[in-house]
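Next come two complexes, and both contain subunit A; in the first it sits with subunit B, in the second with subunit C.
After this line comes the complex of A and B, so read on.
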């Protein structure tokens, strides 16, 4: 699975650099099947918290809500604005990516 | 239309109506729903049945999200949630006494 991640990062090198350069505090990339952190710039505690509460609970809840309202629709992206940070969550097929800025 | 519960200042009925009209007049906005603190829709551009059906799941999202945020960072506070689906975009804005739900058309196109 990490080979897929490395290939995706290699193919989108410019996008990855742009994401990581401006105003970014950190990122978490989690594996959907194993429910584990694949790549992160945070320490393990923060990454596990984001993995459990954002990727696990919030993404699954929002996906089911979108399906409930319109079965033909699909969750593509989420932006979570709080007082301190902004969490950008992108649920993909194999990975879920969160950027904190 | 709906019996409005008494609201504490500064979230008066005039404030709610003003916010509702202001958001509704924006370009690309399709639907607006305003819930009170009990989770019932008090103002909506949808039918009442559709508004109730629409607001229930998002109230669950709000509860789940606030509990999650308190675990990730106890000093942080949720201000806005933006959910981008394939065809539209839903904004969830929790306020002190009301919750604002806005459905608008998406500006860009997700190739999925």
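After this line comes the complex of A and C, so read on.
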């Protein structure tokens, strides 16, 4: 595990536990620099799909849309609701985190 | 003209807490109802359309047979909700502070009723 990520998880243990316990199907944390999965509870195929589709294409599109409408604004968090799931996506500076519930 | 169902959904959504703007868009990407100036509504409609199209295909790729319901984009000051219903798209712009207060009081009342 990435050392920074390990430290962040350790420092926020209570919050991490709560996020993971309530109706959570799984999560993916990806390293933005390496564009790779840093930590996940899913199998590799599912994690890669989330990395490619959500963290890659959709996050960057949403960031662009927000900037286009107001250049001083910034995407902080995103929720994608579907018939089956809800994807909670937090695009941070070094990592992007998705929780699926 | 938009179906009655979509019109009614729009009327209901406009009353959600903290709504500062609302736009109803038809299947051709044209705003048909809004409480914002026409040019502002047009900008949102134009920008959100490709996002919805992309999100729809992403959702199908992630899980076969799944369908997009909504996308919520939280930014510094406001949250934009983009919901799809049949061919129509509804965009809501909500103030973060009001939204957070509403969420907090809803959580608090749920706790109170659990006691």
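Points worth noting:
Going forward, the second predicted complex is superposed on the first by the 100 of 101 C-alpha atoms of A that agree within 3 Å, B and C clash if a C-alpha of one lies under 4 Å from a C-alpha of the other, contacts with A are read in each partner's own complex, and residues count from 1 in each chain.
Simple rule for what comes next: a contact is a pair of C-beta atoms (placed from the backbone, for glycine too) under 8 Å apart; a residue touches a chain by one contact, two chains touch by 3 or more.
Computed from a predicted model, the values in this text were never measured in an experiment.
For the composite obtained by superposing both complexes on subunit A, the positions of subunit B and subunit C are in clash. With both structures placed on the common chain, the touch criterion links A:35 to neither subunit B nor subunit C. Of the two partner chains placed by superposition, subunit B and subunit C are both touched by A:85. In the superposed model, A:76 makes contact with both subunit B and subunit C.
Of the two partner chains placed by superposition, A:44 touches none, neither subunit B nor subunit C. Residue overlap on subunit A between its contacts with subunit B in one complex and with subunit C in the other: 49-50, 53-54, 57-58, 61-62, 65-66, 68-70, 73-85.
Chain contact summary for the complex, subunit B toward subunit A: residues 53-54, 57-58, 60-61, 64-65, 67-69, 71-73, 75-88, 110, 112.
Subunit A makes touch with subunit C in their complex at residues 49-50, 53-54, 57-58, 61-62, 65-66, 68-70, 73-85.
Per the touch definition, subunit C reaches subunit A in the complex via residues 43-44, 47-48, 50-51, 54-55, 58-59, 61-63, 66-77.
Chain contact summary for the complex, subunit A toward subunit B: residues 46, 49-50, 52-54, 57-58, 61-62, 64-66, 68-70, 73-85.
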